[in-house]
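One chain, chain A, appears in both complexes that follow, with chain B as partner in the first and chain C in the second.
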Partner chain A sequence: MSPRGIAKRIGMSAVTVLLAMLLTFVLLRMTPGSAIDSWARDYATQRGMSLEEAYRQITAMINYNPNEPLLTQLGRYLGGLLHGNLGMSMIYQNVSVNEIIANALPWTLFVLSISLVISFLIGINLGAMMAFRRKSLLDPIVSIYAIITSSVPNFIVAILLLVVFSFQFGWFPVNGAYDPVVEPGFNLPFLSNVLYHGALPILTYVITTLGTWALTMKGSAVNVLGEDYIVAAGIRGVSERTLMSQYVKRNAMLPLITTLAVNFGFMLGGSPLIENVFSYPGMGYYIGQATQQRDYTLMQGLLLVTSVAVIVANLASDLIYARLDPRVKLEEG
Partner chain B sequence: MSQGFADFWRTIYRNKKSFSGVIILAVFIFMAIFGPMLASLDMTVKFDNRYASPSWSHWLGTDYGGRDTLLQLVYGSRDVLTIGLFAALFTLVIGFVVGAVSGFAGGRTDTALMFVTNLFLTIPSFPVLMIVAALVQIKNPVSFSFILAVWSWAPLARAVRSQLLSLKNREFIVACRIMGLRMPYILSREILPNLTPYLAINFIMAAQGAIVASVGLMMLGLAPYSPTNWGMMIQLAVQNTGGIFNPKGYIYLISPILCLGLFQMSCIFFSNGLEEALNPRLRSN
Partner chain C sequence: MNLLRSGKTWATLALAVFVAAMSGCGASSPGLAARIEAGELQGAQKPVPDDQLKFNKEKIFRVLGGWPKPPLYQGNPFGSGGIGDTNNRYMFEGLYVFIRSTNDVYNVLAESTEDGPGTTTVHLHKGVKWHDGAPFTSKDVWAYYRLNNGADVTKYLSSIETPDDYTVVFRWLDPAPYPELKKLLLAQDLQGQIPYHLYQKYVDKADGLLKQAKPLPDRSKDGPFHLDIPDELNKQIALNWNEFTRSGPAVPVGTGPFKFEKVTTTDMLLSRNPDYWQPDAVNYDKIWIKNVPELSAQYALVKSGKLDWYDGTPPKDILESLLKLNPDLLHYRMYDPASVGLMYNIRRKPFEQVKFRQALTYVFEKSKLREIGNYYGKEYPKISMTGIMPSSLESELSAEALGKMTDYTHNPEKAASLLQEIGWSKGPDGLWRDPGGHVPSFIIGAPNNWVPGVNSAQIAAEQLTRFGIPTKLKAVDSTIYFANADKGLYDMSMDWVDVSWGFQNPWSSLKVVYWDGTKKKVGFPNVKKTGADGSEIDTGRLDLKVAGIDGKTVDVDKEMRRFPYVQEESERKAIIDNLAWIANENCWGVNFFQNVTGAWINTRTMAGNYPMMDQIVQSGRDMPLPETDADRLAVTHLNHGFNSTFMPREYWPR
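What follows is the complex of A and B.
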């Protein structure tokens, strides 16, 4: 991959980020003026200041003043973003959107990355085995499993898991990311408690994405199995085990790596539902709270950070893929 | 034409998966169209009749307000299917037009349209849908479908574009262009029939996706206009009954979930056979 290709790919992502900013600005502009007015009124009575003063402070806090000309509004908004300032939350008093996201993002990334790794690893191994033992029972079983899990939306699986494992058996906690009694920090009780609380959300993602990974891997592996170098290796007497792990799996995995990013984006997009079912305090949970309570600044901040996360993930997977597979060249021209 | 039609059904019939998909789909459609005519749903709260167990008068028992669960499912199916139908239609129209114009026009138009498409592909749609639902009051299934479609056409547009790029240079299209036929004419008369199988499958998948998204939004309480929509039923079961804590509410919670899953599965099965039935090259003898 040429440096020019990399630069172009990064430039494209930067423009996409810019467009995402424009989109969140448009959403912020759709905030009803009355929401800001009533906030200003509350703020004025609380602090004992004049309405104009309160209004001025609030518009400074949220990087947005509906009474300014459009371009000034946009300038103010983008200026705020460049300073890394997403504004103040409208509902959570005196808390900035930055703080909320800083608290929420790690939980979402924790759950998503662990689930992605687990389901990817199990999925590719299942898929490779399905391709290798075409006649075994594994193939139909996994296919049926994939059909069932793709017809039941993941948030439904989440509800069912919650009903069965948290309420019926009482094995897992009902909400939160960790018990308030444990001391947050890098120690064993805290980490195990975090895992214990994250288990059901992780299980939900793994259950619902596993089948697709396995089927995609099977398709890819069947293609690889037909390649000449596999046949040649087989004739050379390479053992079946080595053939599967060193020859087939490695090559068949490559195209799946790009879909990792797509899957990450998909899971991140679906996280509002899962995290709300488990009351898990990640990004999605707060998007749910913000939309239900009409917290417009929090909404735009969360959407922007979510979008940027997906854009960065896509960029990373493109660059990594081009590095892993020398045959791939980023589109030029 | 009638010959083609018979062929079509024969292929569907032979494929056991897609045949069962068609049957289930037909039951749901029948339920949505005629169900509400056969029985009337009384949504007034009757506290003395709460959480009734399944009986002859209430086949699936009653909910937290003493209303019949089965009838709610039947009435809800109308709303759910309307959303699926319209959202799929809108998605198909936007996706086809954007993809076709982009692929056919090429050059700057293509670059610009594909850039927009990529933007819609990257930004996670569900959070955006949530925010739009919070900003706009969703009051009926048609406007709901439109909102859903606005964020779901992008993958289709990209696929149509790539199909068009390969069709564009085929002889029959080149001939049309040499004859001086205009783009809208070529698109509707020559290109569209060639993409029909592909679009038909995407119609089913778009309906399926829209229904999942709509149920998700309703579950978060962001489109509370119809208490019998399956998504709303799930939300009410979780919020009002404490469907998760209260075993008495389990039937009320599980039945919309089952309907939803069954509907989704029938869509997948049907589209599976549809591909075979509409694309003669895939047909095995």
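What follows is the complex of A and C.
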């Protein structure tokens, strides 16, 4: 891709980020309810005062004016963003959104990057085999598996795994990211404990995404198999194994790279439902909490990170794809 | 798409079968019933010596709880999100505890109490220490109320004095509340939560700000310590409070039997406080609290015996399944001082007409509402909504007042006749028409995450529709529901009714009706006054004058305000009779059923003198509602006296 093409794509991504940020900001403020409402209820109960009085005191306390013009709020938000400051949580006032994200992101990254790599690797291999041996039993088995796992909500799978492996057999912990008895740090007991706790969330993601990768790969590989160069390679006497790994799989994988990159971006948002089932302290958990409490600043921060991740991943996939596929270079040229 | 749909159905069925099958796989050693039948639990039980512990050798009490997950966690119980209600009672103490359902008050940090003319003098236990080693003194109690000056009791106090480190004198305004109420007002607070040595800066500032306020001219207005606090001063007090709530410490510092040890997103460890002033009252070395929000996961933990105690009554089928699958589990039921009910919005037509509200009330078949809402609850068909917990109606109201109350037992003919009286007619299509010939349709609002409320509201809507008044349920996101209902956006709103959130006293539950939650949903009018600029100002004060039990007009707000100061019990009873009768006659809402909640004990790991031991085998470990006062108290203790006591001291590891 030419430098001009790269600059164009980066520019488009920047505009998309800006639009996503503006949309998030405006849409969140259009949602019904307010952080003050539920807070005022708690405050009134806690301090034995009327709801009106609690509401009045809270708005005074946090210097929040729900009737402040949207543009003024936006200006303040953008000003903070320019300094890398996502603001303070409206509910947990002494904690910054940056701090919450810094705590949540590693857990989500840890679980989802491992599960994405595992499911992708297994999925593409299964897909390639299905395409290559279309009359074997593998094809219908994996297809049925994919239909089932893509139609069952992933949190149901999570509950199922929890019931069987944690409650019934006791092989895995019930929830959390690590045991309170281990000392967090770069030490073997902690790392192995983290892996042990992450096993079921990882397995959930792998089970629920594996089939889709396999089916997508199969579709792509079937297309590749019909190409002239594959037929020619077969006639030239290239072995089946080499044909599959060097010719079919490599080429069929290309369209999946984009999906992989976009999935990587999406996964930074975590899965509120799965993280809730396992009480896993990732991004999804905090998105759920912030939405429930109408913590606008926290919601904005979390959604901004997710949007930026998706957009950047998309950009990265474009750039990588251009390097992997010479035809894209030609188009850009 | 069809394939996907069939796949989904298949998968869901398979999941249900699989979970059921797997859940049945576990088996336990001889359960509680077998142990009782073998005579193992005869006579009074005593704590087991450490070397004889079999099933809980580490002496850990395992329960569920909630807290803001790190990095949101902090140690100030007044900070945003708090430290978790469940965890409060293990680490913090008050001068007293009260049992919410019985109003029994016990001394805790107070060693003794003397009532004098206009004063209550509390002598504190000596030798009590905060978890950081500082002594607990009278200055801490004073600090609690000077900083937390929104606490209910401060409206009735003129000052708090600390003549020495272990004596606190509460000086009451004249007139003072009647003696029992004074004690309950003090007992509902956890005074050991604001260590002066940690929060001196904020306490002294709050004290200084309060000193700037002038006394109120009379008793027509409330203020902390009878002070008239202008808006600007109030703002400074609120800002100081906000700074206090953000000031930490990082971990809780209380005086309670357990100290904070560690917290993660899902687990909290508390360890026995070695300096606790009542060492013999602590039978466990640690409390391990798990944060598991998912209900299905909670039930699985109960079933697999991974908890020692669990709070709540699941639906009937799940409850029976848990008891069947784990023979060590024991379930107790108890009345909840709260009922599930519906309130009519009198701001909307035709709900402003009492006969219309009464007609609708006659339509409801409460047994059906209860069966779906909470199978174990109890319906009271005769009443609409009284402001009194139904299970204590007979003890709180006179027979005469009860006898004069309208009986709202399901009666569709009566409903039809009342509607006809106000000009409504039933069309050939079976639908009722208002006097203008219009067929109305109504909405019942309910918070979407409140299962008993949503389920019973759905049945209520169906019952009204079947009667000929088309009604739909609108289950609304709970974060916006209450604000919407308070603004009067629904024709009928679901919420807890006839409920007392603090101590269980008729005045406390009537406050909810006339001053708090019910008032807003029903839409009672407030007194209005004209501002300096001629605009109308809502004073927030109830403006409700209605006929009382004797036919004379009653100013409800005035009666409510008078109640705390009436020293004669018979006069107080007369006020309660009148206000409850008014609520029932005006039919501002309907009490569907009184909630019944429960507590679970894992008897494999937790030993003690289980209440109603003689009925355990016969009841199949699903204990009936207690009938005697002693049993009621013992069972209520099992539920931490509804969040006010530290329960594990009455039980021990097995």
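Everything below uses one rule, namely that the second predicted complex is superposed on the first by the 274 of 333 C-alpha atoms of A that agree within 3 Å, B and C clash if a C-alpha of one lies under 4 Å from a C-alpha of the other, contacts with A are read in each partner's own complex, and residues count from 1 in each chain.
In the analysis below, a residue touches a chain if its C-beta (ideal position, glycine included) is under 8 Å from a C-beta of that chain, and two chains touch if they have at least 3 such contacts.
Keep in mind that what you see is a predicted model, and the values were worked out from it rather than measured.
In the superposition on chain A, A:121 makes contact with neither chain B nor chain C. When both complexes are overlaid on chain A, the residue A:307 reaches chain B alone and has no touch with chain C. When chain A is checked against chain B and against chain C, the one touching more of its residues turns out to be C. Once the two complexes are overlaid on the shared chain, A:99 sits against chain C while remaining clear of chain B.
In the superposed pair of complexes, A:23 makes contact with chain B only, with no contact to chain C. Of the two partner chains, chain B and chain C are each touched by A:159.
In the superposition on chain A, contact of A:324 is made with neither chain B nor chain C. Shared-chain residue A:294: touches chain B and chain C both. Using the contact criterion defined above for the overlaid structures, shared-chain residue A:10 touches neither chain B nor chain C, since it reaches no partner.
Look at A:231: by the touch rule set out above, it reaches neither chain B nor chain C.
Residues 147-148, 150-152, 156, 159-160, 162-163, 166-167, 276, 292, 294 of chain A are contacted both by chain B in one complex and by chain C in the other. In the complex of the two chains, the chain A residues touching chain B come out as 15-16, 19-20, 23, 27, 30, 147-148, 150-153, 155-156, 159-160, 162-163, 166-167, 265-266, 268-270, 272-273, 276, 284, 287-288, 290-292, 294, 299-300, 302-303, 306-307, 310-311, 314. Those residues of chain B that touch chain A in the complex are listed here as 115, 118-119, 122-128, 130-131, 133-135, 212, 215-216, 219-222, 234, 238, 243-245, 250, 253, 257, 260-262, 264-265, 267-269.
Looking at the complex, you find that chain A touches chain C at residues 32-34, 37-39, 41, 45-52, 57-58, 60-62, 89, 91-95, 99-100, 103, 147-148, 150-152, 156, 159-160, 162-164, 166-168, 170, 174-181, 276-277, 279-281, 285, 292-294. Against chain A, in their complex, chain C makes its touches with residues 3-5, 7-8, 10-12, 15, 18-19, 22-23, 25-26, 68-72, 74, 78-81, 148, 150-152, 234-235, 238-239, 241-242, 245-246, 262-269, 290-294, 296-297, 300-301, 303-304, 306, 477, 479-480, 482-484, 486, 501, 515-516, 520, 540.
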